[in-house]
Amino acid sequence: MNINYTDYENEDFEQPDKPYDECGVFGVYSNGGDDEKIVDYCHSALYSLQHRGQDSCGIVVNDSGVFEYHKGLGVIADAFKQSDLERLSRFSDGKIALAHVRYSPKGQRIPHNTQPLVARHIKGPMSISFNGSLINSAELRAEYEMKGGIFHSTSDVEVIAYAITEGRLTESTIQQALEKAMYKLKGAYSMAIMSAKKLIAVRDPYGFRPLCIGSLPNDKGWVVASESCALNSIGASFVRDVLPGEIVVIKNGVITSITTHCNTVPSRLCIFEYIYTARPDSVIEGASVHGARLRAGMYLAKEHPVEADIVIGVPDSGLDAALGYSRESGIPYGIGFIKNRYIERTFIKPTQVDRANSVKIKLNPLVESIKDKRVVVVDDSIVRGTTTNIIIELLRTAGAREVHVRISSPPFIHPCYFGTDITDRSTLIACLMSIDDICRSINADSLGYLSLESVSKLAPEAKCGFCDGCFSGEYPVDVPDELPQNKFDKKFTENIQLTIN
Amino acid sequence: MNINYTDYENEDFEQPDKPYDECGVFGVYSNGGDDEKIVDYCHSALYSLQHRGQDSCGIVVNDSGVFEYHKGLGVIADAFKQSDLERLSRFSDGKIALAHVRYSPKGQRIPHNTQPLVARHIKGPMSISFNGSLINSAELRAEYEMKGGIFHSTSDVEVIAYAITEGRLTESTIQQALEKAMYKLKGAYSMAIMSAKKLIAVRDPYGFRPLCIGSLPNDKGWVVASESCALNSIGASFVRDVLPGEIVVIKNGVITSITTHCNTVPSRLCIFEYIYTARPDSVIEGASVHGARLRAGMYLAKEHPVEADIVIGVPDSGLDAALGYSRESGIPYGIGFIKNRYIERTFIKPTQVDRANSVKIKLNPLVESIKDKRVVVVDDSIVRGTTTNIIIELLRTAGAREVHVRISSPPFIHPCYFGTDITDRSTLIACLMSIDDICRSINADSLGYLSLESVSKLAPEAKCGFCDGCFSGEYPVDVPDELPQNKFDKKFTENIQLTIN
Amino acid sequence: MNINYTDYENEDFEQPDKPYDECGVFGVYSNGGDDEKIVDYCHSALYSLQHRGQDSCGIVVNDSGVFEYHKGLGVIADAFKQSDLERLSRFSDGKIALAHVRYSPKGQRIPHNTQPLVARHIKGPMSISFNGSLINSAELRAEYEMKGGIFHSTSDVEVIAYAITEGRLTESTIQQALEKAMYKLKGAYSMAIMSAKKLIAVRDPYGFRPLCIGSLPNDKGWVVASESCALNSIGASFVRDVLPGEIVVIKNGVITSITTHCNTVPSRLCIFEYIYTARPDSVIEGASVHGARLRAGMYLAKEHPVEADIVIGVPDSGLDAALGYSRESGIPYGIGFIKNRYIERTFIKPTQVDRANSVKIKLNPLVESIKDKRVVVVDDSIVRGTTTNIIIELLRTAGAREVHVRISSPPFIHPCYFGTDITDRSTLIACLMSIDDICRSINADSLGYLSLESVSKLAPEAKCGFCDGCFSGEYPVDVPDELPQNKFDKKFTENIQLTIN
Amino acid sequence: MNINYTDYENEDFEQPDKPYDECGVFGVYSNGGDDEKIVDYCHSALYSLQHRGQDSCGIVVNDSGVFEYHKGLGVIADAFKQSDLERLSRFSDGKIALAHVRYSPKGQRIPHNTQPLVARHIKGPMSISFNGSLINSAELRAEYEMKGGIFHSTSDVEVIAYAITEGRLTESTIQQALEKAMYKLKGAYSMAIMSAKKLIAVRDPYGFRPLCIGSLPNDKGWVVASESCALNSIGASFVRDVLPGEIVVIKNGVITSITTHCNTVPSRLCIFEYIYTARPDSVIEGASVHGARLRAGMYLAKEHPVEADIVIGVPDSGLDAALGYSRESGIPYGIGFIKNRYIERTFIKPTQVDRANSVKIKLNPLVESIKDKRVVVVDDSIVRGTTTNIIIELLRTAGAREVHVRISSPPFIHPCYFGTDITDRSTLIACLMSIDDICRSINADSLGYLSLESVSKLAPEAKCGFCDGCFSGEYPVDVPDELPQNKFDKKFTENIQLTIN
């Protein structure tokens, strides 16, 4: 079959499109019908989910089946003006709304991939806020295109919209259409879906990505969110996680559930949510993210002990594990770096300043904590090694006598097919050299990664199984031979071009 | 059939969506491959077509089948920054590009209806820049939705994209797919279409809307545009009009033509293009628009002579006919109003200033020309009558002894189904009262409209027939019983909602 | 004395600062105290004065002596958002406000020169909206700087503010301070000045620049404006011109006048206001601008008759004189060019398009009017000759058999010291060659300029004398030996730098 | 004397102007002349000083005495676009530049107070980047105004510019002018000053505000900055603090010093710089800010011990002291709150969300750390008490058994005259009630403030004395009877208005 996805409309052609992304999902169903509040809920929740995606964001409101939206590139503070929120409030009947923050691979900050997706159809309008990645999206997309479908975006969520719409043609409700579509969708998906009158939440049968249900203050309605920290920000209380495979339907203020797809396969929550993705104050499947990271640090201390004077974390994601390492080892915890609080959003990289200086603007070592000390520095992962190298150099310049690097996860050596953006294995340092060589390469005095065995014990309270495929290479489903993005390679596409009209 | 087009996502709910609009279309095929120039051509051409639509605009470029675009709300000067043009130039291989300016009914300035439409498909990408209106779009849309299609916009152009895509599934080229689709499309359409390697221009068999072909300076390629004035602005020379029903295909620098749909019906160019829509310096079907308006003024002078001291036009669209009236009648031509040149774009209406003052900011009478004179004032049409009333009041205040109003078209009393936005007949003064009553209502000393008979003689050089349905009520095709927008009425939609899931 | 005005903070260093500029002045004093209306008046008036300056603009409001302002670069539509107007309304007590549009020489679109100027002082706040040019500003500036003054801008208005402030230290009212300052100020100035409780209007004793007084509808207050067209736009009625040398003081709703400086010298209104600067619908010193231009065309026809088929004007400023030429000569008036209405504001010049194409985007010849005709084309002036050359080329390409150029003013061959921006005589074609050579250079069949004698008869109704120094070289006051801007030359400045600390 | 500072052009009239502010100062002198780098240095340094002011910022560059600037409201990321940096680079000769971040009291985010100030003068241009507050600015301002000076801003820096300019009229160099001016300036000032050829750094004789000197990498030049963290961000090395009273002059790449004003009074660095203002990674007068805060926590633990299970800090400013408390007390340190990283910049406050919810969006308690624990929570200060109240409520809701509040500074009970913005004592909870009452009011189980005695021992390495006037009421100089802003009270001003012309 001639596949011609000329979809990599990226900024610089460095990197082809990838059909997976990491995102934050939010939906709200209010019994009260308070127009302004529902938009405020979405807006506040997006701030709490912003760490899951800073590339684009959007809110869709509903007025008796008429959908109005605002979406924009960049973080919420850049994409939403006061007038945008006011306009959405005017167009909302105050009952149902969806919101989304999107992470997109480099070069994919393009308007047509912003979410929530809004689709119009004779069976009623539908909006989808999606987090995950399908492994069979290319096949499904080809199938729907060969039936006459047209795609505006390059995102998996449009494939899912087609699958649900296909179901609506024969089924009598949108939830039945979704139930039917799930037989076709292979991979990771956690979604909030809005129809004219319903808010629906769904997770794939493996439960790769988190999704939880909360109740609004004073029982005024329901919310669904990727992480529980989004509930806290709006004063909602945590009710429970959506089950793997479950379809939760909220209509007329009442929650019902379709469980056909539940327990069809063992659950496999992405373990990387605990290690890096989620916010420490979130609780996923009953386990605290902060607790898991503390534990990661404690296991690290057991597996890779060292004599040292101070334990520091690389802010912000290394702080929890550093505290765990300190507690287990008895080595005092210290504040080793000050992170600039003002560059989370747009930072115009100076033209003349190299990568090392770019790191220096973000992180400044605290000489007081480091000078003449043997330092244990804890981070969550090493990607290319370049940044770690600079961090060690900063510590040595600040007077550290020894620098011992501890990583609160195993080496990343396998691709992820379910939504974590590991773009190119050839740039992953752990795929290229041994741990000893990495240690020398980053100029550390010692280097220790968390063991795979300990990873499995990070969240003992969790009521689910885990996917650790990126560390172990063992995936819960058959995965393609090659990384999905390869088929979007420009050279490949150009060859295909020659054969089409 | 349950139809549920919840599509009137308008600003103020005053007015439902209308499936027709007036727009400007442009496409360019360069043999040279000069990256920057092709974007400059589009940009300059849009300035020349801006009078056809000020609500949104866009440019799509092509790099060996990879499409990149920039679209925005408002006029070109607001929607395109220098950096947008530079970015498009970087993403273009300099060969093919499309551009569009869009007029949208009140409340429809929404991002998802901006054009050119860009659709991705396994058979290759496609972009469409469209001007016109289908009369069977609702039926076609329902058909494609019932086959599983999803609509992102509320515009007819997405229906057309589905029809062409349907053809591509079985035909071997996009032009054959288009040829096939044209059997289904009923109504007015003039389009430029871009595929990975081709620029295609097409007009419906009636040729309701204009579209012409030009050649770039030094035979460096081809352009298609709604009006010939866009060719002048980029130094291109006029070659010929696209024939009604013709599909013009430009590939590898060579023009070929599919004429299957030509001469299947008598041609019916919209006569209102000569009266109001087109720019006076454009030549359509061989007839100068300025010439047609001069002629309208001359006929008016014959049909509605009056003793007067000066003939003035309401700027800008009444000036040509006023000159014609002056020439025919021998009454001196004068400049009667100064139009503020700085409010064509955004004008923030003062909160405390009423409609009369709003007109005063735009138009100021030239006392020197008017004082103590018997004035003939020529305009192209009267809509609600309110503005004409204010204009007459301004003339009287400026000292006019008599004010004789002459309108260079017949009264608007029938709906248009082919792209001219007559929103609501109940607000059209000519539907509500007799010409004598209008004359009294606007406080004119006399009022004369151009006769239907003269309208038919406005462009004697034109090689085509005309549609004057909005004046005569006679349409070239069977039209629906009611105005198409009625089916988008909110109340209707809400009733439907109750029956759907 | 070492003068070191390092003030030419221009965009491109091509052109040094010039201490004169052409601007639009507006002030309003309302008895009513309607907060929003006063801002609306300013906003509407600026639209009507926009032709006097498109580089920056501003509005200053007054709340019992507390001044708040908004200023911005570019035209009003770009510089003022709805929220800016609302904010100003909130900060206004609805009584007094000033507004300004500014023309600035190339490269001087810098924030610190925007007006109205707002100065804080122990004697009370003061704001000034200024049009004109001082010939002794450098001397005065040096004087005030040597007394310890600091300058933030490079504009003459700051010099004037110092002169008035100097007067306030000894005089008991601001109008007396102004009266005293006027003995020091040499040159052209028409100003509206706002103190905590007064609106003051003043013209220099020669009355170089226009300034008139109007009364608000229903006698609700007073306005002053550079041109009467600004009164029309807000429904105000023309009362009278401010007299040359007069200080008009509006306080507690009552107008009083200080005439000490009146009739001390013969009045000398800039004749170029009638020829080019003012809007045709304005009446200055009792003479209609449109009337003066009609007359200019008629004199041209008498002085430079020619056999031709049509007379056309270069839009917009050549249209009135073309009509006059037509009337006097009997040659039919025609519409020769369509001017693009959408490029008055920001037009991003295409990078690859040369000057000729840039003109083509703005002006398109109307072939219908021109083809096979002997054309008389009327314009108000020729600067470099380049544009005229392109215009003639366009006419010839459009089929004109002959092109006869008529200019409704004499050749520009002397510098202006009073506010008209003639930047560099070496680029003025009339300073470089004879009229015959210009005619050949622009490829015209004939060329005729209006005679100096006729210029003096353009506005016979005017109650004042005229300055025609730019044509005649005769100035009402002693002017410096060299153009004032020379002292801002960068090389000069750099030499000076060496001597300063 | 009639004083009429109508200067409180604030957003909401709640709060009058205050002539002091907290700011960040930066200047660079490069020997190299690398155009782009000097702007990058400024830009990066501003990011590192952003915590000292988020209300406006600016950069001024110098091209052989021609100054060009860009200033804007808000944080750097909002105020500077890439094109602004590029433009500044074009206008710089790469040698000298100044930069500034500004904190302004509520309602004072107004363009005319942005810094660096740029003043033009016959003795050469001057730009000033200022941090501090004069106590005699009103008197000096009146003095200069009575000599004919005009003020555009309401900032002390314009008063200082007048004082220096006064000196330039008689002295032969700008540094001598500054030396002379310092005899008149009373209060706190740390400044970087740029003339055509020099970079000058100066601190007032008390040295209230910090200012340090660094050397660019590879000895390519010099920088001055409010804090040493700004040096780190650009790879510069710390050289030394500017001495209290010292004038440091950098010209032709050489540093010289004027010490006339040194050691004339005992040094009095603001102790609040260590407690709150400065970044923990800065070193001021030889003492680490982080070290001082650790020590504050340790003293707190000694002065206010308590039995507890965990010590947490309120992010970010309470973290260091919490760690110190933990180390001294032996109670484990924990992460108690997750602070949202995306709201440092603009956060549109939801209309319907109360203050409690607003805090919830910023801070979320980490239940895992807190539940069933006796919690010590450390913060740097209590202002109104409202936020502390909410924080305690959050901790209790998260399951804390006991909440013990420890504040790492003494109660704020006296006004600051030297640059710390304590707006209104009537809103300071410590001025209104006893510590016991505060404890009850915020619903804490216990409350302890750091003692004044311990404050004096926070930075034992520091080579200077301290000002703790806000805690002790003892100031190094005679201070006015009332807070300076009172004289800007609107009612006062209005009365004055009546007496002026």
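The chains carry the letters A, B, C and D, assigned in the order they are written, with residues numbered from 1 in each.
Everything that follows uses one rule, which is that a contact is a pair of C-beta atoms (placed from the backbone, for glycine too) under 8 Å apart; a residue touches a chain by one contact, two chains touch by 3 or more.
None of these values were measured; they are calculated from a predicted model.
Undergrad: Moving only to chains each one touches, count the minimum steps from subunit B until you reach subunit D.
TA: The distance in steps between these two chains is 2.
Undergrad: Going by average Cα coordinates, which chain is farthest removed from subunit B?
TA: The chain lying farthest from subunit B is D.
Undergrad: Please report how many Å separate the Cα centroid of subunit A from that of subunit D, as a whole number.
TA: Between these chains, centre-to-centre, one finds 38 Å.
Undergrad: How many angstrom lie between the CA centroids of subunit A and subunit B, rounded to a whole number?
TA: 45
Undergrad: Could you pull out the residues of subunit C that touch at least 2 other chains?
TA: Residues of subunit C touching two or more partner chains: there are none.
Undergrad: Going by the contact rule at the top, pick out the subunit B residues touching subunit A in the complex.
TA: 1-9, 64-68, 91, 111-112, 118-125, 141-142, 144-154, 158, 161-162, 165-166, 169, 172-174, 195-197, 490, 493-494, 497, 500-501
Undergrad: Enumerate the contact residues on subunit C facing subunit B in the complex.
TA: 34, 36-37, 40, 43-44, 47-48, 50-51, 54, 75-77, 80-82, 85, 229, 232-235, 279-281, 283, 288, 290-291, 294, 316, 319-320, 323, 327, 332-335, 338, 340-348, 350-353, 357, 360-361, 364-369
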